[in-house]
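Next up: some structures, all given as structure tokens.
Paired with chain B in one complex and with chain C in the other, chain A is shared by the two complexes that follow.
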Partner chain A sequence: MASELLQLLVDGLTIGVVYVLLAAGLSVIFGVMNVINFAHGELFALGAYFALALIAPFGGSAFFLALFVAPLLVGIIGVGIERFTVRPLYGRNPLYHILLTFGLVLVINDLIYLIWEPGSVTLPLPELLSGSIAALGVTASVYNLFIIVFGALMAIAVWALFEFTKYGLIVRAGAQDRQMVRNLGIDIDRYYSLVFGMGAALAAFAGIILGGYQTVNPAMGMSVIIPAFVIVVLGGLGSFRGAVVGGLFVGLVQTALRTYAPIFEGTGIFVLMIGVLLVRPHGLFGTDAADEHTGNLLSGPRGGFLDPQTRTRLGLAMVGLLALVPLGAGTLYSTYAVTLVIEIIIWGLFALSLDFVMGYTGLVSLGHALFYGLGAYTVALGLAHVSQSAFVVLALAIVLSAVIAWGIGFLSIRVSGVYFAMITLGFAELFYNMLGQLDITGGSDGLFGLSTYYGLAGVGVELDEIAVFLGPVAITGQSLFYYIALSALVASFLLTRRMLNSPFGAVLKSIRENEQRATFIGYETTVYKRRAFVVSGALAGLAGGLFTLNAGYATPSLVDWLNSGEVIVMVILGGMGTLYGPIIGSGIFFGLEELLTGFTDRWRLVLGTIFVLFVILLPGGLVSLPSRLAPALPVTPGRGPNPEPEPESNPDPEPATDVDDAHTRGDD
Partner chain B sequence: MSADPLLSVDSIDAGYGDTQVLRDLSFSIEAGEIVSLVGRNGAGKTTTLRTIMGILQPTSGHVTYNGADISALDATETAQQGLALVPEERRIFPDLTVTENLELAAHGGTADDSLSVTEALEMFENLRERAGNAGSSLSGGEQQMLAIARALVSGADLVLLDEPTEGLAPYIVQDVMDIVAALNERGITVLLVEQNVQVCLKLADRNYLVDQGQIVYEGTAAELEANEDVLDRYLGVTA
Partner chain C sequence: MALEPSESTDPTEPSDPIETTQQRTDTPLLQTENLVKRFGQFTATDRVDLTIERGEFRSVIGPNGAGKTTLFNLITGALPVTAGAIYFDGVDITTLSPSARVRRGVGRSFQISNVFGGLTVRENVRLAIQSVARDEYTAVESLFKPTDRYDELNDRTEAILERIGLAHVAAEQANALAYGDKRRLEIGVVLATDPELVLFDEPTAGMSVEETQETIDLLEAVLVDQTLLLIEHDIELVMELSDRITVLNGGQILAEGTPAEIAANQDVQNAYLGGMTE
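On to the complex of A and B.
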């Protein structure tokens, strides 16, 4: 028993040390620069691949060389990333960092596929580190012990750097109050590149040592980024100590679960994170002080830049145009166009639902795919067990999503900012794992072969059996579904807009602007936020339900966190806090994807590059394009993240008057 | 008074977005003086300090320090010229110790540090006792002392003090006033923003009265004290 525990300790610490190195950089980058770096996992993978390339010509003995050269190279890349992509965004809404680093994930990951072979590769190890040592009934490979010792030394070195050097002192102070550091005459912006570079180098170290322990593969970055975020949040954002404790702890817990309760291996850390956040809303070692500038993800102007009349006219025109799409299918263009636009409409609805909480109450949900998947599975299970009426199962999806959203909102809304994003992600990951393990949801295969009709109480039709004739064109099957989806989108848009124009909407907006003041006026803000979350969850459930009605299946991959990430991307892409912007964002996202997959296999590389350029060049989202095109707008250059917020500064009060560029318009 | 003041503010306009706060505001400080800006809440006193410091850029007008135009400099560059702002909220780094707060200041500011960290800890007795404590554990008065000490250690020749006595107990107000007088004796020029007229009258060589973003009165302590009309009209106090 004792030897078993010791074995567990060795294995757990091995993984734990990798997590510590990974999470430390992520946490410090967040604490100092307020950047949520999704690309951290790709820098981790890049470290392993660079090491692979460095070792290949010389054999295993070059491992030690690679262990220092590869992180150095990745560190330099990190400095470049900060200098040329992150820096122009300082002082803008931190959410743009999500879009930026999401784009970087696509770029770096696709580059890895482009340069190296797609499969798993073993990292050659030197003679010195092979073999194993047996003592006290425990067998540990020399490499395991090397990881633990080397990782511990690295962590201590980083800690000492922070604690005892001028560099560390300035970085720590910057994490607490940037403007005051500037007031003291210290050019903190210069230090950001170094912090980012160091974080990248640490990630690369972690990538190399894990690569040597397991394998090197292109998906390795994707598989560690979520656990790394969990650790950062668990330990407290920006806290180095938190990253160390959290990393080791998660490593041990994961290893223990794999041994004793493999069914919980995927979910254990999320339960842990949610539990910790409910008791300590700032993580184990996070402080309120750090929360002052990290708590709120949303700042700076947002909202539409079109005057209401133009918006209504363009919106009507857009809906009219969309209504015409099925008429030309099969004659003017292939019927695939209808399939594509249905996807855009459903995701547009999904994105709109997110915008309702994110753009109007400031709650950034990183687990919205949960509701999308919930709606999809409710429809699938409803069709199988309750009723084959599409309307009944859609209603079920909406109601169930609303109920679950209330429950999750009840637990989550007590934490804010990034912590809220992570707790919602935690719930989504729990749901994802649950779907893959339960029999009723069809396990990892999901549910297939569903039949449905449109009507109530057994009276109704299947879409394929009816046809509506409009002149020479017969509309049937998917084209009819198209109109159902479009109506759902338009109805949801009108409903949410109506809510926002009501007193309820005014309270939501006041919460977004300044929650404390809204509280002082006497509103119980958590109640309002929860209501908004319920509406949002219900609409996301509707979107998911529509997906399953159309596609005829539901799989756990619908709840993948990448879907939650992509829907955030769509909202930001189109323009947050507008309701119609996210729909345009969905159109752009799928349109680009469609266009790019058509002529290159490396479409993710191009798409990622477009995101990166987009964020840097067009900070207000696509809906800001008209006013950007209007001449002579004062543009203030970014000077480090989060310069002191100036009261009521709105650099962009001019409504656009030119209506020439009709291709950027959306529904209204 | 010589013809070349240490700091001169010439008809600056400044504000936030569309809101203009300062309107054609001008005044100057000679080297070695203690000058106060008094006025009610919202008169533009803090905005003036922020504009001098470069946290806010003036939309027109100039700020000249030591003969050089510093209007376009940002806060970092301004501090490197030898100006230090002690903000109203004090803004001590909560997770750094007292010593670390001072060391950080020593890394910034001007190259010649008039006061080392060790000397500062000797000068501020109550800080010396708490040298290893975190900034967040200090009392209001101690935080104010540390904020002033930080400005000294950064090697500033002109210290901008924003309401240093706000929210402090009367006997601590006296301590703060003693410290301000002591640093003036070291040759440091002080621009003091206060709502507490009594503090200004005791400390300042000259006083400027700010109202609605403009200077409406200038006078020595004795002159201001004697001018009951001004005191009553702009400050609502009777001396």
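On to the complex of A and C.
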């Protein structure tokens, strides 16, 4: 028994040390620059791949060489990332960094696929580190011990660097007050690049040593980034001590769960994170000093280019055009067009639901796929157990999603900003892991083979049975579903727009503009945010429900965090805080995917690059493009495009209140 | 130093011959009892007993770090108290949320930029009106009825806009307003929440002499019916405007009295004013 525990300790510490290195880099980058680096996992994978490339010509003995050269290379890449993508975003809300680095994830991950073979490879190890040692009834491989010792030394070295060197002092001072350090004549930007590079190098170290322990594969970054975030959030963003304690703790807990309670292996750490955040909203060792008082997510007027009447006409024309799509299917173009547009419509609805909370109250939900999946599974289970009426199960999906959204909102909305993003991510990952393990949800296979009819109380039609021919035009079940989805989207759009024009919507906008002020004119802002979250969750559930009705299945992959990320991509691409922008974003996303897959499998690389450029250059999304360009045009059409002023010209003498009014440039 | 002004702890004793509103003169509008706020080891507010009568213009002064802003944050609910109690209109509001306090009549004005910059001037004011009128409408109405169909709310909004002299720019973005107009809007938003007590945190910080005078004129013109509590660094201004002055030092009340009394107070002179008054 004792030896079993000791074995557990050795295994747990091995993983734990890797987590510590990974989390330390993440945490330091956040602590110093307020940047949430989602690309950290990909830098970790890059480290392993660079090592692989370096070792290949020389064999295992080159491991030690690679152990130092590869992190150096990754560090240089890190410096480049900071210099060219992160730096333009300083002063904006840290949530923008989440968006930016999510784009980088897509880019780097696809680059890895592009350059190296997909599939797992073993990292050759030197003779020195092979073999094993048996002592106290435990057999530990030499490599295990090497990881623990090496990792511990690295962690101590980083700590000492920050604690005892002049470099560390300047960086810590910069984290406290950037401007002050600059006033002392120190080029703080250069130090930031170095910190980012160092964080990237730490991730690379972690990638190499884990690559030697397990295997090297393109998905390795994706598989560690979420646990790494859990650790950083657990320990407290920006706290080095938190990263160390959290990393070792999670490593041990995961190993113990795998041994003693495999059912909870996936879910355990998320329960832990959610629990800790609820009790200590800034993590175990975090302080609220790291809270984001650095710029609003997106404030200021929206759209503004077209006058309302033109916009209404344009909207109607778009809907009319969309309504025509199924009519040409099979004659003018293949029926696949209908399938594609259905996908765009469903994801457009999903993106619209996210925009309602993100664009209007500033709550960035990184776990919105939860509601999408919830709606999908409700429909699937409803069809199997409750009713085969599509309308009944869709209603169930909406109601259940709303209820769960209220519950999650109740727990999450008290934590703010970045922590809200993390806690919603935690809930989604928890749900994802539960879906894969429960029998009722069909485990990792999901639920499929569902049949439905469109009607109530047993009276209705099954879409498969329908095929009406009117001359060359065939009305099929698929076309009818198309109209159902389109109606759902239009109705949801009209409903949310109506809400935003009501007093309720006015409060949401005021929260987006200035939450503190909203509180001090008497609004209980958390209550309003929660209501918005419920509306949003319900609509996301509807989108997921429509997906399952159409596709006939529901699988855990619907709740994958990449889906949550991609829906954010659509919202930003189209234009946050506009309702219609995200729908356009969905169209562009799938349109691009469709277009690019014709040329390359690596469409995410292109898409990620486009997204990164959007976040940096056009945070208002595509719909802001016309009003951005308008001042440059000789004649401005319509009713004077922008009454909005240059937002930068703020005569405020000193921001003495704790609300920062550094407006973003995406105000139009 | 002694907690000198014992009379302020006694709510029943009528204070100065200042104009108190007619309806209820029995309870003071705001009263804090033994208010304490600690941040770790540091005591920012130390057993503060503050009593403010209806209609009073009270200023809180004190050197940097005296605990003025902390005291404000405790009264408005931005910070939870460590110990003690706060009564507003005789009701214990110590544990109420900031927004609940606003609805009871505690208004707070911020520094100039603190309006909803991306919304129009009219929307800014209407939001404040809507906040206090919220019980007049059903949940369904407030979710689905467009704001421009609330005639009564809109009438009240226009009335406030007239009163603060911004009716002609009602459709403009708040961000686009000139400096002085933003100040007016800020005060208008506070006024629109129909407060009985308004707290001002250095309303003239960073302003020129003329701007300061304009702001003060505006305050006096628009907020005639309200009780005002002001934090201010400008001693001259405070001496000129206040009915009574409370001097904080090290989190404690050092002295309290009319401007003349404060100017003559030796403790205050030693601790704070130094040689500034002749």
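Assume the second predicted complex is superposed on the first by the 591 of 668 C-alpha atoms of A that agree within 3 Å, B and C clash if a C-alpha of one lies under 4 Å from a C-alpha of the other, contacts with A are read in each partner's own complex, and residues count from 1 in each chain.
In the analysis below, contacts are C-beta pairs under 8 Å (C-beta built on N, C-alpha and C of every residue); 3 or more make two chains touch, one makes a residue touch a chain.
All values derive from a computational prediction rather than experimental measurement.
In the superposition on chain A, contact of A:181 is made with chain B only, not with chain C. Set against each other, chain B and chain C differ in how many residues of chain A they touch, and the higher count belongs to C. Within the superposed three-chain model, A:157 lies out of touch with both chain B and chain C [touch as defined at top]. Once the two complexes are overlaid on the shared chain, A:509 sits against chain C while remaining clear of chain B. Of the two partner chains, chain B is the only one that A:172 touches; chain C does not reach it.
Shared interface residues of chain A, touching chain B in one complex and chain C in the other, are 644, 647, 650-651, 653. Residues 76, 97-100, 102-103, 107-108, 110-119, 123, 126-128, 130-132, 134, 137, 141-148, 150, 172-173, 175-176, 179, 189-190, 192-193, 201-202, 205-206 of chain C are the ones touching chain A in the complex.
Residues 299-301, 498-499, 501-507, 509-510, 512-514, 516-525, 643-645, 647, 650-657, 659, 661, 663, 667 of chain A are the ones touching chain C in the complex. Looking at the complex, you find that chain A touches chain B at residues 166, 169-170, 172-173, 176-177, 179-188, 287, 289, 639, 644, 646-651, 653.
Contact residues of chain B toward chain A in the complex are 16-19, 53, 55-56, 74-80, 84-85, 87, 91, 93-96, 100, 103-105, 107-110, 136, 150, 154.
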